[in-house]
Amino acid sequence: MKAKTSDQHKILVDLYKGLLLVRRAEESLSSLFADGIVPGFIHLSIGQEAIAVGIGAHLSSEDTVASTHRGHGHALAKGVPLEGFFAEVLGKEEGLCKGRGGSMHVADLSVGMLGANGIVAAGSSIAVGSALAHKTLSRDAIAVVFFGDGALAEGLLHESLNMAQLLALPVLFVCENNGWSEFSPTSKQVSFNLEKWSAAYDVPYMTVNGNDVVAVHETAGKIIAKVRTNQPAVLECQTTRVRGHYEGDPQKYRGSEEFDQLADRDPIRIAATKLLALGVKDQELAAILDHVEREVSGALSAARNGRDPDFESARRDVYTGVGA
Amino acid sequence: MKAKTSDQHKILVDLYKGLLLVRRAEESLSSLFADGIVPGFIHLSIGQEAIAVGIGAHLSSEDTVASTHRGHGHALAKGVPLEGFFAEVLGKEEGLCKGRGGSMHVADLSVGMLGANGIVAAGSSIAVGSALAHKTLSRDAIAVVFFGDGALAEGLLHESLNMAQLLALPVLFVCENNGWSEFSPTSKQVSFNLEKWSAAYDVPYMTVNGNDVVAVHETAGKIIAKVRTNQPAVLECQTTRVRGHYEGDPQKYRGSEEFDQLADRDPIRIAATKLLALGVKDQELAAILDHVEREVSGALSAARNGRDPDFESARRDVYTGVGA
Amino acid sequence: MATLAMGRAINMALQDAMSEDETVVVMGEDIAAVGGPFGATRGLLDKFGGARVIDMPISEAGFTGAAVGAALSGLKPVVEIMFMDFTTLVMDALVNQAAKARFMFGGQRSVPMVLRTPHGGGVNAGPQHSQCLEAWFAHIPGLKVVCPSDAHMAYALLRASIQDPDPVVFIENKALYAVKSDVPETMESWPLGHARIVRPGQDVTVVSYGAMVAKAVEAATQLEAESISLEVIDLCTIQPWDQKTVLESLQRTHHLVVAHEAVEAFGVGAEIVARMSDIGFDELDGPIVRVGAPYMPVPFARSLEAAYMPGTEDIIAAVRRTIA
Amino acid sequence: MATLAMGRAINMALQDAMSEDETVVVMGEDIAAVGGPFGATRGLLDKFGGARVIDMPISEAGFTGAAVGAALSGLKPVVEIMFMDFTTLVMDALVNQAAKARFMFGGQRSVPMVLRTPHGGGVNAGPQHSQCLEAWFAHIPGLKVVCPSDAHMAYALLRASIQDPDPVVFIENKALYAVKSDVPETMESWPLGHARIVRPGQDVTVVSYGAMVAKAVEAATQLEAESISLEVIDLCTIQPWDQKTVLESLQRTHHLVVAHEAVEAFGVGAEIVARMSDIGFDELDGPIVRVGAPYMPVPFARSLEAAYMPGTEDIIAAVRRTIA
């Protein structure tokens, strides 16, 4: 009993760290963006971190993840190095993708991160194919695709779910339902219910409070066990988008009541409450934050000191092995 | 009571005529094809005629139909002129499309036939758009899309159903479920159940024996009444493909048991039995057949006498109004 | 003379077109209440209502297909695809349906629709939000392809595109949306297929379109100092393009440069060169030199994208080479 | 020397590639038990089993996307898209994902996949089953484009394409499937990017690929009688194409004709002309003349399609014009 509690404790502390890492990384990017230092546009997952973190905790580096435009959390929870992550988003040679992709294309194949994606729903078929490779090559691995509720309207998702079920592939379809698709409520864009939809394909479905990292972790554990037996499954996570669709979005289309509710649903607050209830001390939480804080600011300033990417080596990477 | 019976009688006679027309037209094409007279490839709907005929009987020429590669029945039941139909399939200047499209592109906009289609499932979004036009322009008309069971795997169908439901459009989605997708059983290609799938979108669904023209007619009447109130709906018709996927397909992949069952499910036989039960005489049936026979052979020989299409006028039709 | 941003001019063109013709409707993602991600449809919902300003789910293939069906059924849809990279999702609707329908139905009906979409780099939007794909559409018989270079031409060409009975792909360089330029008090439509001599000159003809036109004009200004006189032609319509105007200019200058932002290889410039080096062969006193992007995806990092983008310097170098 | 039909050569190349490399899998519609609509995959299921010869539902976008994911995860998928017209459905997977992944992920991983697809007319398959779209793919940095002209080259180039680490679009002219030609006893792969001089000559270089190569050879044979000597080059790879071989030939003949079955406007020929009229400007003693299809969809009727298809006569006329 005691062992179990302390295991739980350790897991929760790790999850909490994971949440803080994503949160602080994104908050740092948010202020750099406001200062004009981040090129292009970035979509933050603040308020949704528990999904990536709770699921990521179950994945090894053989497992693969296909992500979205809102993919910072997915990448970090999959274990991509923080400095390379920041360097990528800032467009540096030291970036994971040598500054060629940026926020919407963060990828690190060495840890199974198949990439964020600028095309809504595109990750779903990539994950299906990755799972096909896992199975064909007898790897004991699964593929996870994250997608938003708005993405449900893309036909590709339907094709992917159908293929995964027909071929009995180890794919977990994770819907991050934040109620928004850009600037419009998803209720105006998707006429169907994901639970009933999954049932029509005979695909197991679970839903969970996506802002409670403990709940996500627990539910994901159960459903991933199924997926590892080559049974594709759908996990719907109810969550909240705190920031605009992208940074700089003034969110005029959202009512103030909605914002008022956000604090209570903050995944970090929820996790902290649980930790405190488990007997973790305030100081311990502060120490974790402090640790993450230093990690983030260290990585960020290293990344900011990176070089501009090399154009000629970029040009050579259009095809494989073109050499110097 | 008497009036009703004779109405029913008249309707059934018309439906029967419709069935025979499609059947005899396609049988004629089949033999012309075997003789090398029909260019390209053709997909026959023999065994499936009751669907097009039973539904077509409810449509006016304002209503629109988007069809498939297996679209002869849909076109004829929508009222396209027989001679122009044959001339098109034979590639003649007198064809509905001046011989430029052939079997897979038979269209007659004047009667609301938006065209057969060489792209599986493409008709679904075209029908959604046509219904949108009906509604926006306050026309009292609906759009009907026919598609096969194999087409269910195309993401476009999902997108179309979702759009139709969101926008409350008068579209009837008709699935002609013949169990086959080219040379493979559809059970290996579609993992989901159409009834449950429709339910997920909250779209009304009905199913019917697609080989019984009376049943199709009746069920279609009910569901079309709903569609006319701007409620999209799905009608699944269980049916049988008698010929190969296309003419010339030796169908080695089908077992003989399956073929043995086809005769009992022949829509014409089923309709004839019902007519005889209503007291219609054998001679009357023979007279109908004779009438259709003459109509078909007359139209076909006229069509065969048609001219080769004019190349220069084809070239001018790439854009509108290029003139001579 | 007033000055106007190109985005605003597009908005005005849509408003005027919708006021003038009740069958014009606009469709796209977040275009109604929000007014479009680039603001092109701002105010239209209030003015014309939800039946004509239609928010669509993230179903690009679906709603572009619906536009084809609507265009065949009496509407004139103007579809917005948020980034040109996403037109990869609508190629069937455009290429197999919209482009071919008139021709393959024997000229029965035209497909009056416009697909508006932004292309181009310069805003660090990365590899999946920047590509220039106009060459694809220009290769498809039945489509027209238009690309304005400033506010006035955007208004004038969009009006003409909406009035045109055939499907038009209308391409807006996103870097121009905020660029202001002079416009006449009353703007009218500019006929499709007609180029415009933006700046007359004697020594070298520079043919260009979209955002490159301003760079060509800038090159002309710079080269004036060396007494090299450029004639800058704004193509306006890429398909069908104005061969006559280009040839006549070449007959005066005997030197030709073709410049665009798209990748040089197999780009629009190739056709212009190929055509002119055939019908204008005897006029050429030097090689026709192309200016276009290098053969690589559009990179993200600021330094990379800056190196990637073809510009004034490249045009000047090309001019020097053709007269060398 | 044996003789072999091109379809059979493709089948052998797939077999040999799969025997040699366990990570090669084939995916497509009706390719397993049935062996593919054109027979290209016949026998593979028996030999390599269902885990490597995978029937897919009618979900072209989905399974091409899956191929990208599989290629990123250790497999070498060879995808079959039944007709090139249907590649309109897979452009996102090919263009935004496959082509860009290596580059935009900083060269972390290549995407070793092949997409096989038949193009071309001559069998009255009509406007949606005949189009030649190779120019599209050649415009996309990151893709390679290959098109064999006979059985031997089909084997040699398909082997090379499957061995290649980058995504290859492999285009098979469907009229060639049944055409037999001589092949050596042992066939080896032919490196991508290398053209082949099929017939040496002195007066005019004719560059071609696919089914047009035989027509160019036929033109050469006919013109021999008039002592006009053609050098016929089979491009083999369209992207990256062998500029060196073409330029060297031009340096000998000083006259160039470029011929393909695709629509002339904005086709592959445009790039070849544009490039040669730049780097080969001083070599040209006459205009470079293109031969390609007229600007219209591929029409259905026999007489129309025959008039549409560019052929030997057109090549001869082009030759006469360049040396006039």
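Per-chain residue numbering starts at 1, and chain names A, B, C and D are given in the order in which the chains are listed.
Following the convention adopted for this analysis, contacts are C-beta pairs under 8 Å (C-beta built on N, C-alpha and C of every residue); 3 or more make two chains touch, one makes a residue touch a chain.
These figures come from a predicted structure and were not determined experimentally.
Peer 1: Counting C-beta pairs in contact, which comes out ahead: A-D or A-C?
Peer 2: Contact tally favours A-D.
Peer 1: Among all chains, whose Cα centre is located farthest from the one for chain C?
Peer 2: B
Peer 1: Please tell me the distance, in whole Å, between the geometric centres of chain A and chain C computed from their C-alpha atoms.
Peer 2: Inter-chain centre distance comes to 37 Å.
Peer 1: Report the inter-chain centroid distance for chain A and chain B in whole angstrom, where each centroid is the mean of the CA atoms.
Peer 2: Chain A and chain B have C-alpha centres separated by 47 Å.
Peer 1: How many angstrom lie between the centres of chain C and chain D, each centre taken as the mean Cα position?
Peer 2: 30
Peer 1: Return the distance between the CA-based centres of chain A and chain D, expressed in whole Å.
Peer 2: 40
Peer 1: Send over the residues of chain C in touch with two or more other chains.
Peer 2: 56-57, 59, 61-62, 85-86, 89, 92, 96, 103-104, 126-128, 141-142, 295-297, 299-300
Peer 1: Among the residues of chain B, pick out those that touch two or more other chains and give their numbers.
Peer 2: Within chain B, residues 95, 99-101, 105, 117-119, 153-156, 159, 162, 166, 188-190, 314, 318 contact more than one other chain.
Peer 1: So in the complex, the part of chain C that touches chain A is made up of which residues?
Peer 2: 29-30, 33-34, 37, 55-59, 61-62, 85-86, 89, 123-129, 294-297, 299-304, 307-308
Peer 1: List the residues on chain C that touch chain B in their complex, please.
Peer 2: 23, 25, 51-52, 54, 56-57, 59, 61-75, 77, 92-93, 96-97, 101-110, 141-142, 144, 165-166, 240
Peer 1: Tell me, which parts of chain A touch chain D in their complex?
Peer 2: 64, 66, 95-101, 105, 107-110, 114-115, 117-119, 122, 124-137, 139, 143, 155-156, 159-160, 162-163, 166-167, 313-314, 317-321
Peer 1: Which chain D residues qualify as touching chain C in the complex?
Peer 2: Checking each residue of chain D against chain C gives 85-86, 88-89, 91-92, 94-96, 99-100, 103-104, 126-128, 131, 133, 135-136, 138-139, 141-142, 239, 262-263, 265-271, 273-275, 277-279, 281, 284, 286-290, 295-297, 299-300.
Peer 1: In their complex, what parts of chain B are in touch with chain A?
Peer 2: Checking each residue of chain B against chain A gives 153-159, 162, 165-166, 188-193, 196-197, 199-203.
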